[in-house]
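I have a structure here, written as structure tokens, and I will follow up with some questions on it.
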């Protein structure tokens, strides 16, 4: 089984960066690692022949959503005490159970892959046009659903975040 | 006409009991006394008339069957309420109604002033009715009705003065102990009914196969019932306590009639017992053992009624000894004479007790012979009959008949019975000497009523002369009773031991005289106050040789203790356990939903992993 | 004969009337209930009188479609067994209403309505021969009684009622499973879905299946009877129920268990029942001894009586599973006699609680001078309860023991030992409650039983005496009618156990 | 340029497991949100890899759906987070989340 170098590299970066996200104590560091992981994932998408997905990953995820996170982190006003508390919260003892569970999950998934490994084949690029045709053809209902979802998210985020200052105090 | 009489005789006391019960205490005491004594007196008169009619013109085969109605008829089993009149039941009826009437008469005087006299007489008349049913029944199940009925009346009357807690306990003890025997008797009936298809006495006796295990088992089970009812070892413990009842009750139920029901049962079913030799031996041995144990206990008692109670047990032992040796007629003879003289003794003792303010300790009495000569004479007559004073008392002749039979069955039995006769004379003479002779310790007051004196006089005469109906050949060949009973009990076995008959008679006559002489030596009136012996042997004898304590320790206490331990019902814990398990499980599951986001996520993940594992590798 | 339906409908109509009357006036429901019972007794007398002479073992019949799609009909048949138990129900309803329920002040309309509804359910149980209908009535008698206990019971009523409901309901579901299983097996064999008793009786069952289905029925009826390991609901329920509920429960509802054992366990599954008989006999003997033993050590008078019920009904189990007409007749007599004697004892216990405000025997004693009539009736029924010959209980116990002895003498001996224990607890109860010295400085003036109580209890005593001395009418009626509606002559069962 | 779908799926599995680890381990709501983003991305990757295997656009359509979902989730989640912070829970401790009520 051969593996292309770009896939391997970006995959490694993605896993490493993700691991760093999970283990960082400082929020902004974790966030930056998350951006790195997302960018590596975009590379993976590209290698898998999904350039449209790769571009959206960069623009929407790493660009828009992560900026949202950054804004929030800035508003949270985090400092040294937060970092120390964060360090105490991720003490090694708490890792055992979740680690076992995650390892078990990974093993189960890997096992599933061994049982029914999809055979590899030549990668054909599926471009934006094809995606667009599918999206506004058979999946048009899902587009509507996604728009509803986003609208609902917008409204609720607005509703929840409206009274943060001032009158909410009581 | 003759066939109407037995049911009518039963009906007299039964109707009186029903009226007294239904009046619910509203009947004035004189009316209640009149009704009860009148009803039993009427029954006695009818019985006497019946006896005359029966003896003057005996029905065919000397028996008269009166079927009243079919009681149970189902699935091949048939039981009837039916009476049989034959010489045996006639003799028993005469005893029950005759002695019963005199005791009722006596009770009219004895119970004067008791506010609850209607209840007393209701139970007494009911008892007479039940006892009559017992002796008249021609069906064993019908007999069982009377058998339990007399037990119930005994319970009610022992506990008559219910305000005293001890009386209630004694009553319950009497009922329960006899009930144990009743259960054995019932099992015997079940066995017989299964084997013979019915419980009619004649049919049962016809179908007996001698020596078979069925006969042995049935006889043993019936013997259990008889032993308990007649207070024989090992069931004798209830009778001394039963003296808690009023004295007429002790006289009627616990001396004259009910306790002899066991003797009657065995005599009635004697072919069954003849078919079971091992059981016969057991009867004789148990009778002898009881006779000696109880005589020993009587010797150590201080309560006059308890002396008489142990004496009753001892005399019943004589009857069982006779039964065990096959001397049915002798047993019935002694039953009759004992009914007379023991009723007399109890009633005389009751008269004494009334006059000395319900004092029952003989060591606080004394010198009463001068103050109440009539009662003294009556008691002395009874005591002489009990001791078996030669030639002039009824007790001598009946005891003599038993001794003769015991000699034929075996010298050991005879020697034991003779020792018993000596002890009997010893303890009753002790009682007479201490109570009636010597200095006065408690001054008697009042007078003995006429209604009490008349029965005493009548029974005194009977106690002295009643034995003349049946005499040993060596004295005079009079066999009125045995010949009367012959159609039921078979011809009397008077042959054998001819050579030694005179010697035996002499020995039997000397033993009571020796007892009286020794008693005179020990307890004759002296200057100092007599005191009860208090060594270990005397204490053991006074306590009835520890049977009570042993039963309490081995049976009653463990049973009750286990019951109290399990009072909350072991099985009741099972549902509680189930409920606890459910609650525990609920708490466990509830802990999973504690509002901790991360734990929820963990559970979701765990569930996912589990589902995944199942989906991938089923 | 449509009169059979009226047996169920009349109490239900009476219940509705009592409820409506209760809305008008709190004193109105009682006369309504009494009138309903009088009508019911008249109706039953009419049914008894209308039985055609020599018309075979089934005395009356009624049938109408109910849910045709599922083969469920409103089929009712009455045989002698049913008739005897119906009479017991009607007779015991009178003490309930005449003696116990008049003093109910808390919404008496609803109380009487529920009481009558329970009676309607019991009536239905004794006549229904469609298994679905039977189950319907089985539940109908359960639910009103549950409410009766929960609302009008004593201090710990909620728990007791809940226990009662769980036990009877849970076992009832087992019975429903068995009913459905039997109906489905029958449908597989014949293609007809029916719940008809007589049709289902012809179903061929494999031994294992028959045993399984029989056990479903057995558990339901064993809980009701009750049989010893399943009896635990009974003492609590009896103790906490209002007096009328206790009387009805002990006198009548327990009998539905015995009736069901005869009608549905032994007759529907004769082979399985005979194979199961050794276990059932052992359980019966255990029940007799265990009930009597625990009865002896109770301090609560109602609990004592409740455990004595467990002991008495062990005889019923013995009789039913002795597989002989003798035993069944004995079981029926025992049920009737137990209903009368224990019902009366519960009336007396209830009266004691009303007067002394306690059921604790340790706080009683010496009541005879204070309450002579009450104490005397208590003594009389205690004596009946200990099985004195000449009273009904003895006839039942003797016949059962005789039938048992034919099969297994050791079991019969254990049963006879129960008679000793019954004397022990009955006399202990009398001794502790009525005899002995009164506690402290005597009892204050207490109202004794009046003429109404004495008359009703006296009637019960007279019935017991009649049952004890001339039980032949009940014995003749008590044999259950054979299964097949037409062909079998009556001798089929009287001849002994079916092969 | 070849990459077996199995390898892409393996990568998705690893990322998902890491994300799960983050959700379970971290007490800070902010980090939990980040971990959720990782898990969403892993799922998206699995879709894209599947689409690649079948040469179909459906995988990327699903990716778009997940993207919308993630955007909505981030918006609402971050809003809640800010509100919590403002309402006196500056530590953003998830373990005290059960005290939301009352």
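In this document, chain identifiers A, B, C and D correspond to the written order of the chains, with residue numbering beginning at 1 in each.
Everything that follows uses one rule, which is that contacts are C-beta pairs under 8 Å (C-beta built on N, C-alpha and C of every residue); 3 or more make two chains touch, one makes a residue touch a chain.
Here is each chain with its UniProt name: B = NADH-quinone oxidoreductase subunit L; D = NADH-quinone oxidoreductase subunit K.
Quantities reported herein were computed from a predicted structural model and do not represent experimental measurements.
Q: Name, by label, each chain that touches both members of the pair chain A and chain D.
A: B
Q: Between B-C and B-D, which chain pair shares more contacting C-beta pairs?
A: B-C
Q: Determine the chain that sits nearest the middle of the structure, using the mean of its CA atoms as its centre.
A: Per-chain C-alpha centroids compared to the overall one single out C.
Q: Nearest whole angstrom, what separates the Cα centre of chain B from the Cα centre of chain C?
A: 38
Q: Report, in whole Å, the distance between the mean C-alpha point of chain B and the mean C-alpha point of chain D.
A: Their C-alpha centroids are separated by 96 Å.
Q: What whole-number Å value describes the gap between the mean CA coordinates of chain A and chain C?
A: A distance of 72 Å separates the two centres.
Q: Nearest whole angstrom, what separates the Cα centre of chain C from the Cα centre of chain D?
A: 67
Q: Pull out every residue in chain B that's touching 2 or more other chains.
A: Answer for chain B, listing residues that touch two or more other chains: 602, 605.
Q: Two-or-more-chain contact residues of chain D, please, as numbers and ranges.
A: 20, 24, 27
Q: State which pairs of chains touch, listing all of them.
A: A-B, A-D, B-C, B-D
Q: Which residues of chain B touch chain D in the complex?
A: So the residues of chain B touching chain D come out as 594-598, 601-602, 605.
Q: Would you tell me which residues of chain C are touching chain B in their complex?
A: Against chain B, the touching part of chain C is residues 163, 166-167, 228-229, 231-232, 235, 293-294, 296-298, 324-326, 329, 366, 368-369, 372-373, 376, 383, 388-390, 394-395, 398-399, 401-403, 405-406, 409, 412-413, 416-417, 419-420, 423-424, 427-428, 431, 434-437, 454, 469-472, 475-476, 494.
Q: What does chain A use to touch chain D in their complex?
A: That would be residues 1-4, 6-7, 11, 14-15, 18-19, 21-22, 27, 30-31, 34, 37-38, 41, 44-45, 47-50, 52-53, 56, 60-61, 64-65, 68-69, 72-73, 75-76, 82, 85-86, 89-90, 94-95, 97-99, 101-103, 105-106, 109-110, 113, 117-124, 126, 130-131, 133-135, 139, 142, 145-147, 149-150, 152-154, 156-158, 160-161, 164-165, 168 of chain A.
Q: Considering only the defined contacts, which chain B positions touch chain A in the complex?
A: 602, 605-606, 608-609, 612-613, 616-617
Q: Please name which positions on chain A make contact with chain B in the complex.
A: 97-98, 101-102, 104-105, 108-109, 111-112, 115
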